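For reference, the structures are reproduced in the following blocks.
In what follows, subunit A forms one complex with subunit B and a second complex with subunit C.
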Partner chain A sequence: MVMPVKVGIPRTLLYYYYYPMWRVFLSELGAAVMLTAPSTKRVLDQGLKYAIDEICLPIKLTFGHVLELSGKVDYIFLPRLVSVANREYVCPKFMGLPDMVRHRLAGLPPLIDVAVNLRRSGMDIYPAVWAVGRFFSASRIHILKAYRRSVKIWERYSRLLERGLLPEDAMAVIEDRLEKVPLFLENKVCVALIGHPYNIYDSHISMNLIQRLRQMRVTVVTAENLSEKIINRNAARLPKRMYWTLGRRMIGAAFHYLAQNSIDGMIHVAAFGCGPDSMTGELIERQARHCGVPFLNLVLDEHTGEAGVATRLEAFLDMVRWRRDKGVAEGGSQ
Partner chain B sequence: MRVTFPHMGNLYISVRAMLEYLKVDVVIPPASSRHTLTLGAKYGPEFACLPLKLNLGNFIEAHGLGADTIIMAGGCGPCRFGYYAQVEHAILQDLGYNFQLLILEPPERHISELLVKIRRISGNQSWWQVGQALRFGYLKARAVDEVEAAAFKARPRETVPGSSDVARRKALNVIDRATSFRNLADAADEARTIMANVAVEEGRPVVRVGIVGEIYTLLEPFANLNLEVHLGRMGAEVDRAIYMSEWVNDHLFLGLLKGMRSRKEACAAAPPYLRHTVGGHGQETVGSAVNYARAGYDGLVQVLPFTCMPEIIAESILPVVSADFNLPVLTLVMDEHTGEAGMNTRLEAFIDLLWRRKKQRELESERVPGY
Partner chain C sequence: MKGYLGIDVGSVSTNIVFLDEDFVIRETVYLRTQGRPIEAVQGGLKEIAGRLPPGLTVRGVGTTGSGRHLAGVMVGADTVKNEITTHAMASSQLVPGVQTILEIGGQDSKMIILRNGVVSDFAMNTVCAAGTGSFLDQQAARLNIPIEEFGDIALNAEAPVRIAGRCAVFAESDMIHKQQMGCSLPDILAGLCEALVRNYLNNVGKGKEILPPAVFQGGVAANSGMRKAFEKALGLPVQVPPYYNVMGAVGAALLAGEAVYRAGPSRFKGFAVAEARFAAGSFECTGCANQCEVVQVTEEGVVIARWGDRCGKWSSAVNEQKKIG
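Now for the complex of A and B:
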């Protein structure tokens, strides 16, 4: 009996979009997938030690997660995600990530850092699929089958997200770890939470933002709850194509929620040191102001204190509630 | 239509030449200054990169001089530059400045798309005229680069402190004033003579320093706090990884002019350190570092704006290059809080280090018998 090859996946960055797909693809090929545990202060502190000061928070955190896998797996799955959509990029840092990791962290297991570049065509996924598959199997048919299955799972995952599940819950449903889909309470206040998936869904990085809001009886909606169609239709209102995939999703979602009048406020979450956020955040904030929707900008960094965030959140929600009630009263008197 | 454009070092000489050749009414913004930066930092996004803030300040100042149209280059990612114009325009509009925006986007299919746009700016002058204007601007860029290169050599060796920079200013003005091709040929000659006439002590020992990094902070002395001048006066002969004519070639001619020291060459030297492009000049920075090391330079300075994505990637990797080639690297991160005095202290310490290492090396080679 041969031991399966152990492949580690850091629970960061586009894990939140693609993990269900990666997991199925790799396991179908016979690999034992090992995912890092949710982020903690210790993991982040590890990353801080090895990443340079100026780099954005999510990359620092990624360093921490990668270190968690050191010595425990045969390979680390860290694809170079140059582009995941036609005529778009993710971010320069995704393009250089494997090199930064390799040169700053010594003694790592080999990286599976195959480049994924779908900028010109979606068909360009196949060279990447073969290149990753070849680590585990010599049979093209075997690899193709695994890929097809992984795509199916991923489509199911995307549908669950659109129905309003959080990534972790949707993954639990897919992996049969959850008995039933969590119920949504009807809340009085609805807030759109706009930010990179790896910031808003990482509860350590976001300081439990979503849970906190839910405890305050706020319904939270995000870009992941919208279909690509809606997102694209709204992002198309920009004067120029937005070439960052995550930026396009954030802008499309923000513009949609602002135009719908279905939200009472918007919270934009940016990571300290993030390049794209400084641009898209500016465009979103201006749009929110034009629409007269209460807007809160949270910039997360390694020094952000939980207490500070809680206070700002409460003040913001007080304002949102006050405006809402005032609006209701005014509406009622007409 | 009164056209303005953002500053980037001496780029205005080249762009003004092109536009005025086409009889476009040009408003050059006042040179970037504290005031420019204060405006940009006040109205720009807090975490935007420094060039965006300075652009914004340039536009507001140019508006005061009567500019109503902005012309600038675009891009299609992955870096922020490709979205500068849109964000800047949104901010200017909210501030009540109504500029018309002309963005030279890299064409998706063919260079003719770009040429059509440039021709439209010129009020549909003949293709010949458009072509000549571009060539004129480019020749000025080359002449400017020549002056810069001469200044790099003269500064550490000048016998009268500051004389190379006086000459440099004078030479640049001569080039800027040329209005025809014939004129320009004479001006370039005159500029060469001016630079050659700077009194220098030929045999004076120097340390050689390569400057790499983000293009705007490389080319704009206000953004790099006169880095080149300071290094030169501290006895360093510098070379820069990117010259202005290369930017013009890349952004206005889409790299069609061959035979220049090309980006490809720098990128080719980047693996195994950085195996992929990362936008901006990130991969070039790593590759140029390798090339400078191989060429026997004594040290390297990297400049970048705070939060600059491609250069942060390069910065993450440069320590390995530095160790492998035993080449000291100093990284300078620029933002609105960086002060010239603080930078100078770091530069002095760095140059000291380079001198000590150089002397050490010389001593060691003397000790080897037969040398």
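Now for the complex of A and C:
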């Protein structure tokens, strides 16, 4: 019997968008997929030790996750994501990630760092699919079948998100390991959480933000709960096209929730040192103020104290509830 | 007499207030925490109990400040609230119609914006404590002037000097430079106040709409030089309310009144806690790679609370009523 090729995937960055797809594609091709465990202090400490100083927190964390895979797998899946949408770019740090990792970390298993660049056309996904597939199979048909199946799963994942599930729950549904279905209680406070998926859904980086909010009887909605169509329509309200995919998603989602009047407050989470966040955050904050929706900006880095985050969060929810109880319907600052 | 206790355990000061049943402030105690929050709370309780008439009934207790959880389990609080909510609560009661709260304490500074009597926005300083009370304390000590006189000396300035306020370390070297150039002490102190105000407004006040009436509270509000610098920078009258340095405790007491109204009789353990033996310590949990630092509080050798663990296995192991507020 042939041992399957082991492929490691770090649980960071665009894992939250694409993992269901990557997992199915790789396993259909016969690979054994190994995902790193959720982030812990040790993983982050490792990352801080080896990553370059000037980089943002999520990239530092990625270094930690890559190190967790070292010595345990045959390949590390770390695609070079240049662009995932027409006329748009992903963060430049993602483009350089495989190089950063390769040059800072010695003795790693080979990286599958195939470039994905869909800036000109969505059809450009195929060269990337072949390039990844060739690591495992010589048959184009086999690769194409695996890809089609992975797209199907990804579409199902997107539908689950649009139904209000958050990524971890949606993935659990797909992998058939959901233990408890999150119930949506009516009449709870609803807060839109806007931020990069790899910041808000990583419970270590975000200091358990989503769980904390849920414990405080808050319904959390995010950009992932909206369809691309809604996001694009709202992002188009900017006077100039937003060409960062991640920024466009945050702006579009924030503008949608603010216009809908269905939320009681908005929390923007930014990673310290993230250039795009500093701009999109400001655009979102201005819009929130304009709409008179309570707004909290949380900036996270490796020095962020948990107490400070808890205090701000508590005060923010007090404010939201206080305003709701008094039935203050404000339009802008009066 | 019946009434409500409010306890604010901050990094620099511990304040305790007592409000009677009509929510009138009857007694206030302002103590230095001096890095020993347990002793400060006990000392404060002893002092306020001594000053109040005998036969006192405490109908509710609220705690706030960075030591609120610790104080909360010590005294058996009915509500444990963050300092932003308590400050807003107190000011909106004591200064009706207030729209802007400028608050500078020992280690933190915050700005709270109220509209129609409700908080509409707030901000708090992040990791950097430049421009807070501790820095003013330190500079006063370096110049060998009592902190109480700092403000009045600054008011005598003729031409405040320009000092870089972005960072306390730079501010200090700037001050030394100005001092060696021969600038007068009042001008330097006034310049420092202006620098701190500038830093506060640019940092904490970024993007906030500051409208009158504006109040200035927290320990630093005792410094008249700072108040003047605020008025100059904002172009607005800035008032310092009568209980400016215990506002957090007042807010906590008000919220305690609300909490017992909703949830029934108080959990206050009585003034005897001032005599009890409390101890707090911490250990690193080795259960997983998160290596949480777990804090444990004991009363007479019995564990009454634990916190700091991400998974909750230590904090939920305490079978006492653990979560308050």
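The rule is simple: the second predicted complex is superposed on the first by the 323 of 334 C-alpha atoms of A that agree within 3 Å, B and C clash if a C-alpha of one lies under 4 Å from a C-alpha of the other, contacts with A are read in each partner's own complex, and residues count from 1 in each chain.
Rule of thumb we're sticking to: contacts are C-beta pairs under 8 Å (C-beta built on N, C-alpha and C of every residue); 3 or more make two chains touch, one makes a residue touch a chain.
Remember, predicted model here, so these are calculated numbers, not experimental data.
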Joint occupancy of subunit A by subunit B and subunit C, clash or fit: fit
Which superposed partner A:Gly273 touches (first subunit B, second subunit C, both, neither): first
Subunit B versus subunit C as contact partner of A:Asp99, first or second or both or neither: first
Which of subunit B and subunit C A:Gly305 touches, first, second, both or neither: second
Contacts of A:Pro127 with subunit B and subunit C, given as first, second, both or neither: neither
Subunit A: partner with more touched residues, subunit B or subunit C: B
Following superposition on chain A: angle at subunit A, subunit B versus subunit C, Cα, nearest 10°: 80
Which of subunit B and subunit C A:Pro110 touches, first, second, both or neither: neither
Which superposed partner A:Gly30 touches (first subunit B, second subunit C, both, neither): neither
Per-pair minimum CA distance [subunit C against subunit B, superposed on A] in Å: 6
Subunit B and subunit C footprints on subunit A, overlapping residues: 299
Touching residues on subunit B, where the partner in the complex is subunit A: 45-49, 74, 76-80, 82-83, 86-87, 89-91, 94, 273-280, 282, 306-310, 312-313, 315-317, 319-320, 333
Residues of subunit C touching subunit A in the complex: 66, 81-85, 113, 115-122, 124, 126-127, 207, 209, 288-292, 310
Residues of subunit A that touch subunit C when the two form their complex: 40-43, 204, 208, 285, 289, 292, 294-295, 299, 303-305, 307-308, 310-312, 314-316, 318-319, 322-323, 326, 328, 330, 333-334
Contacting residues of subunit A [partner subunit B, same complex]: 51-52, 54-56, 80, 82, 87-93, 95-96, 98-100, 103-104, 115, 238-244, 270, 272-279, 281-283, 286, 299
